[in-house]
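Let me give you the structure first, and then I'll get to my questions.
Going by the order they are written in, the chains are A, B, C, D, E and F; count residues from 1 in each one.
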Amino acid sequence: MGIAVLIISVASMGGIGLILSLILVVADKKLAVKEDPRVERALAALPGINCGACGFAGCSGFAAAVAEGKISVSGCRPGGQEVAAQLAQILGGEEAEAETPKKARVFCSGGLKEAVRDKVYVGVRTCEAAHIVGGDKACLYSCIGYGDCVDACPFDAMYMDENGLPVVILEKCTGCGECVKACPRNIMGLTDADETIHVYCRSQDKGPVVRKICSAGCIACKLCEKDDDTGAVMVVDNLAVIDYSVHKDPLKAIERCPTKVIRVSEPVPGFEKEKARN
Amino acid sequence: MNRRLKMLLIMTLFACISGGVLSLVYLISAPLIEANMLEEERRSILNVVPGIDSYEERIEGEMKYFECKDASGFVVGYALPAKGNGYQGVIKLMVGLTPDLSEITGISILEQVETPGLGGRISEQVFQDQFQGIKTEPAVGYVKNQAPDKDTDIQAVTGATISSRSVVTIINRNIVKFREIL
Amino acid sequence: MAAKDDRKSVGVEFVKGFWKENPILVMLLGMCPTLAVTTSVINGLTMGLAVVFVLTCSSLIVSIVRNIIPKQVRIPVFIVIIATFVTMVDLFLKAFLLDLSKALGPFIPLIVVNCIILGRAEAFASKKGVFLSVVDALGVSFGFTITLIILGGIREVLGMRTFFGHPVLGEGFEPWIVMLLPPGAFITLGLLLGVKNSIDKRLKEKRSR
Amino acid sequence: MEVILIFISAVLVNNFVLSYFLGICPFIGVSERIESSVSMGFAVTFVLTLSAAITWLINNYILIAFNVPFLQYVSFIIVIAALVQFVEMFIRKTSKTLYDALGIYLPLITTNCAILGLALFGALRAYSFIENIVFGIGAGLGFTLALVIMAGIREELDLADVPEPLKGAAITLIIAGLLALAFMGFAGLISV
Amino acid sequence: MKLFSFKGGVHPPEMKELAEDSPIRKAEIPKNLTVPLVQHIGVPCKATVEVGQQVREGQVIGETQAFVTAPVHAPVSGKVKKIENVLHPLGIKAPAVLLEVGEGEEKEYMEPLGDDPAKLDSKQMLERVQQAGIVGMGGATFPAHVKFAPPKEKKIDTFIINGCECEPYLTADYRVMIEWGDDVLLGAQMISKILGVERTIVGIEENKPEAIENLRQLTGNVGGEVQVVETKYPQGAEKMLIKALLGREVPSGGLPMDVGVVVSNVGTAVAVCEAVRDGKPLIERVVTVTGNGVGKPGNFLARIGTSVQSLVDQAGGTVGTVGKLIMGGPMMGLAQSSFDTPVIKGTSGILIMQEQGEMHETHLPCIKCSFCVQACPVYLIPSRLSIIAEAQNWKKAEEFGVNDCIECGCCNYVCPSKRPIVQFIKTTKMKLRKLKAMEK
Amino acid sequence: MGEEAQALILSTSPHAKSTDSVRKIMGIVNLMLLPAVAFSIYQFGLYVLAMYAVSIATCLATEYLVVRWRKRPFSLNDGSALVTALLLVMVLPPRFPLYGVILGAVVAIVIGKQIFGGIGYNIFNPALIGRAFLAAAYPVWITSWITPRIGVDGISMTDAVSTATPLAQMKFDGVVAAAADLFLGFIGGSIGETSALLLLIGAIYLIVKKYIKWRIPLSIFLTVAVLGGIFHLINPARFPNPLFHLFAGGLMIGALYMATDMVTSPITKKGCVYFGIGIGLLVIVIRLFGGLSEGAMYAILFMNALVPLINRATKPRIFGTGAGE
């Protein structure tokens, strides 16, 4: 009896195994389909267990999505960090080398302390929504202060300070530009990482108007333009602007500016200016 | 080696090994399992037809039953496995009957998936014991929330009328079928 | 980046299955048996131990043979290996612990489908040697077991007033039958997951500070 | 009549997901969007039906015939795995549209408890061939029902203010629990 | 009688009684006028005058060569004081010509063309409409000459004069219909001639019986028909009015001309009439000054560029604590941040509301009461839209038809959770536009 | 310039808002429930008053704690928790233990509502989640009834004569109660479901105020009546008449107050009709063929789950798209 059972089970399992592997072999030969090599490599890196925890229909679905860049490489839970790293490598090979890195800057100095608020805004508390009716600051060029940019930053590189203005943590900023897209008032801007001197205002109001409504805005007094010798500063439409292509630091202008709206900031670590100055 | 041939061989090989290993394990454990099963069957039969010495499995068409004999070989009753749907799923039970099938000698719930603490209480001894001595003619019945006054009736588990009714129905149904066979 | 595995202590490898890579609470795998068998602690424990056995043994075998197996039949072969061990467990339970075997029902064989997952996850992390694979499998399966025990504990205490069969709540507590039923299982596991996530969140906040 | 009861039982009373806890992983994984849940549901129904047929044949003509029941798990799972893999390759080769709608879900199904569970329950209950197939269809539709309902709810909840730690799998499980509560109303539909 | 109507809409308290009985008064012209160079939808005008220059009433002071634009004329004779950016009623800074009213009375109108539509030349009239700087005065301020010259492939068969004035509080159109009914109908006939349509309908809400009566009588002389529609906001939205009167549905993303209809406000008709008959450019309009925050509500014929402050002073000054200053009606009007903003061609009313606690109320989550769904006249699901917009899921909002919203505010009005649905929608539309622009 | 000194309020249009508010709606719903609440206390005694008190206290406290813990704006005064509290008790048996009431109330608020994000976000009817949980936790208690007006002065469980609900009598004993008794409320059953009359009066007022969508109860009643009637015609001995169906059990309170909960019912008119038909169908199926004597609760919960799908399927055609008239 014992031997019989042994033989039968070995035989039946062997039979099943043989038939199935035959089917698969034939299928492998006849039904093979060509795949995008990147998807294929991504698939090979994945566990291949088709658990579905990623929300896709199996590993191949996830692999395709990753290859198309639709989802983050870290979406595979069983795979964990190791797989994520592998995937990043597979995909990363083709990413272009970045040019000069950019950093985001906040071009407004009119926080709660500086800017006059002459109306009461009631409604959805996002900048985009408040912008429809103008927000509550008298200056229509000012930062509205509900932090759409902060919410938009995918890298947690921004926060709102007590004065109601956003702040960029330059070390964390990747220059992705999401904040710029999010801001309805064009307050956020990208500049080269090694530029440290900027005009922190966007107001095109005339000087007297600005004086009345903001203690930190550009009053278009033109002192900077007049006294600077680098030619990098100009006042256009009642607002001082720096011409970065001049590649010179308008240090005098900083000194002259009565409202200190042109300021020099600490260089971003790793991006200190190398070129000789003045 | 050809890749596909290798596929074939490896898979077959592993299947064979698996079959072999498993059959060995099975051969070791089979007697134990067998014994377990038999013991369980024996216990449930002894439970429903008390005081017997031996029993014998009979199969008649679709129906399986056990003929129970005392020490002298007299048929003193039958044990009848039966099943049917309860509140939530299948209920399997064993019912013991006197040789003329007019009286139940006992029942034993073998398997059920009723609500624990509710329909599940049909597995409790108190409920099963009620069936001892219950008359099967014209049919077994049930009453709710009170002591039964007929000798064919049992009292349903409180709040689980359906499970109780299912047990009764399963019993009745199988007794009727069994009568036709005998 | 992934540090060289041999530099990691065995302990770390073992412990990560308990929290950081807990198969149920983090990877969300093996949910079916988790929910189905945790009506009591003992069921959970038995199931967990079965998984420990199957996973460890199959990890061992898989990590030994994986290099000779062609890619196309890898999964079928792994399944065969795992299913073999599962059948052994099942036969063992039937032979020695019939009641438990009945209570766990068809969920013992279902370990097969879970373990493919775990076994496969183990197999692709190809840098690991046989020893670390086994340690890893042990860690993961003990993490699984402990989660089952916690879940089973909650459900047993609230649903039957007992823990491991011993009454722990007084007579005054009328047990909630629902805890033994499917809704109780889902809700308890859901809440457990929530608790785990919020602990994680709190830990992360603390660390970032 | 028996067949109808088996069907009702599998779809509503003992819904595979909500009452038997089978196929929870894809239930949580693929219930984020209604479209994919519908496709997944039908793919599962298809495979369940197919494997109900195949495993019945294997069980009755090999395992029982040769008295080697202990090979059940191994043989069932390997047959299902190979079968699904074959079907996937076949669909992929033959019809792109069908593959996009159903095929991509197939690999996911192999490692799903529902399929093996179905095979085992069917064998355990000794269903006839027809009954087993009806059981497969019912289980598949029950799975689809639960999955699509869940997908609808989750699309709705996408925009809700769900507490952060509960987002994702946790709330899905809790909703499954509430669904299971609602499904309890169907209990007793099959009682005799 | 079953009145013409549409599905959805709301019935806010009408509040017309405040100003409906006050006849149109010529408003005093203040010393200084601020005339914005953008008073229409389309390409902004450039100033054609210089600081210090003397201008005469009716003289063109802003213009461009673009087609979709409307010239701006000097509302009074006087001197150009400044040309600079000022606060525009739209809440933006926009260029404007600041005039100091002079002594002289001399005008620089165009040559009258005549007052018999039958004898007038369509092309000449159309040109006149353009020269007169006429824009839609129902609020949209779309240049009228563009609207009256639809592309050839669009066959126009009906011209509708929109006399609904469904916005609560406002009574300007109502008074115009009562007092200047002839001009309205004459203007309508002229426009019908320009468009070459047979059918001219004046649609008026049921709650304006006097206007209905008056115009019914006058149609005997001048022609056209008067139809009464149900009093329901936004009956005056052109899509709804067309649906109510003709049963036609303007296709999504389309214009009335896609179903062979052109709709104009009564004020527009009057302006056309005056431009053709008298050669007068669009330099003044009727403005209702009303609300519980103003002393003597009334209707004023005000020159473009008159400051809100001046009109309010003439209407008895403000009363109590002013909460909101709104240009337009309460349902669609724009809240202003200053009393210095000027009246422009699209200003139909100035509404001053006293401060109320509710104005500061914040919103709750949507309770899915579906009031908004039943109210939305274009059959959107505002509740869903607002939730989607709140979650900033712009793409999904587009799927849910956010661009079909006419911003009527019905949903917002009925919402018991006080959700700022319209603001969510406006924000989303803006964002989508921005994203589209960025993609290009 | 004097007036300019004070700041103007800026907000987008519309600047007019209707006087309806969540608080007002909930307040009126509460008010309309009061007659039935009062009648139930008269029917079943002071113990029931205690149940109401416990339920209200628990619901409000739980809501308060969760909202505070989540640091969300204060929401207690919107009155929705009070509706939940009242309705929860109204669908419980008259002698349900007080700690059971506490459990149900906590579950209703936490699992039924707050877990989804609080008011407005819940998928299922919170009160029914509470009751369904209790039914599954304490299946025996939830089916223990007493006869009204007997032992009403008592507070304890035992002094009232236990009885079966008309539906249970119908189902398990084949006894059909008179429709008039059902309508007026002189029968056993859950606390608030016994008097169809009082419930209807309140509901009609709410319909007139448009706070409940009449399509839902109407289509439920029609479906139940028609299906019930068909089965009754097929086999009058086994299946009760449609009037009995309409007035027995929780159908009235369920159809009028629970299926109509705004948050958990469809937002389109067509959707409401489908929703109602679905509930009616399930009620009949469960009552006539299921294991439970009353199916209204499960029917509503099940259809609640379908609401997102219904809303999606009945999404209105946007003006100017597709087939206009």
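Going forward, a residue touches a chain if its C-beta (ideal position, glycine included) is under 8 Å from a C-beta of that chain, and two chains touch if they have at least 3 such contacts.
Since the model is a prediction, treat every value here as computed from it, not as a measurement.
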item: Where subunit B and subunit F overlap in contact partners, by chain label; value: A, C, D
item: Label of the chain whose CA centroid is most distant from the centroid of subunit A; value: B
item: Which two chains share the largest set of C-beta contact pairs; value: E-F
item: Distance from the mean Cα position of subunit E to that of subunit C, given in whole angstrom; value: 69
item: Euclidean distance of C-alpha centroids - subunit A vs subunit D, Å; value: 42
item: Shared-contact residues (touching 2 or more other chains) in subunit C; value: 28-29, 72-73, 75-76, 80, 83-84, 87, 91, 116-117, 177-178, 181, 183-184, 187
item: Multi-partner residues of subunit A (each touching 2 or more other chains); value: 5, 8-9, 12-13, 16-17, 20-21, 24, 28, 49, 51, 53, 118-120, 122-123, 129, 132-134
item: Multi-partner residues of subunit F (each touching 2 or more other chains); value: 8-12, 111, 117-118, 121, 133, 136, 139, 291
item: Pairwise chain contacts under the document criterion; value: A-B, A-C, A-D, A-E, A-F, B-C, B-D, B-F, C-D, C-F, D-E, D-F, E-F
item: Subunit B contact footprint on subunit D (complex, rising order); value: 5, 9, 13-14, 68, 70-71, 74, 78, 125, 187-188, 190-192
item: Footprint of subunit A on subunit F - complex, ascending; value: 7-12
item: Complex interface listing, subunit C residues touching subunit A; value: 1-2, 21, 26-29, 72-76, 80, 116-117, 120-121, 124-125
item: For the subunit B and subunit D complex, residues of the former touching the latter; value: 15, 18-19, 22-23, 25-26, 84-90, 162-163, 165-166, 169-170, 173
item: Residue ranges of subunit F in contact with subunit D within the complex; value: 70, 72, 111-112, 114-118, 121, 123-124, 129, 132-133, 135-136, 282, 285-286, 289-292, 295, 297-299, 301-302, 304-309, 312
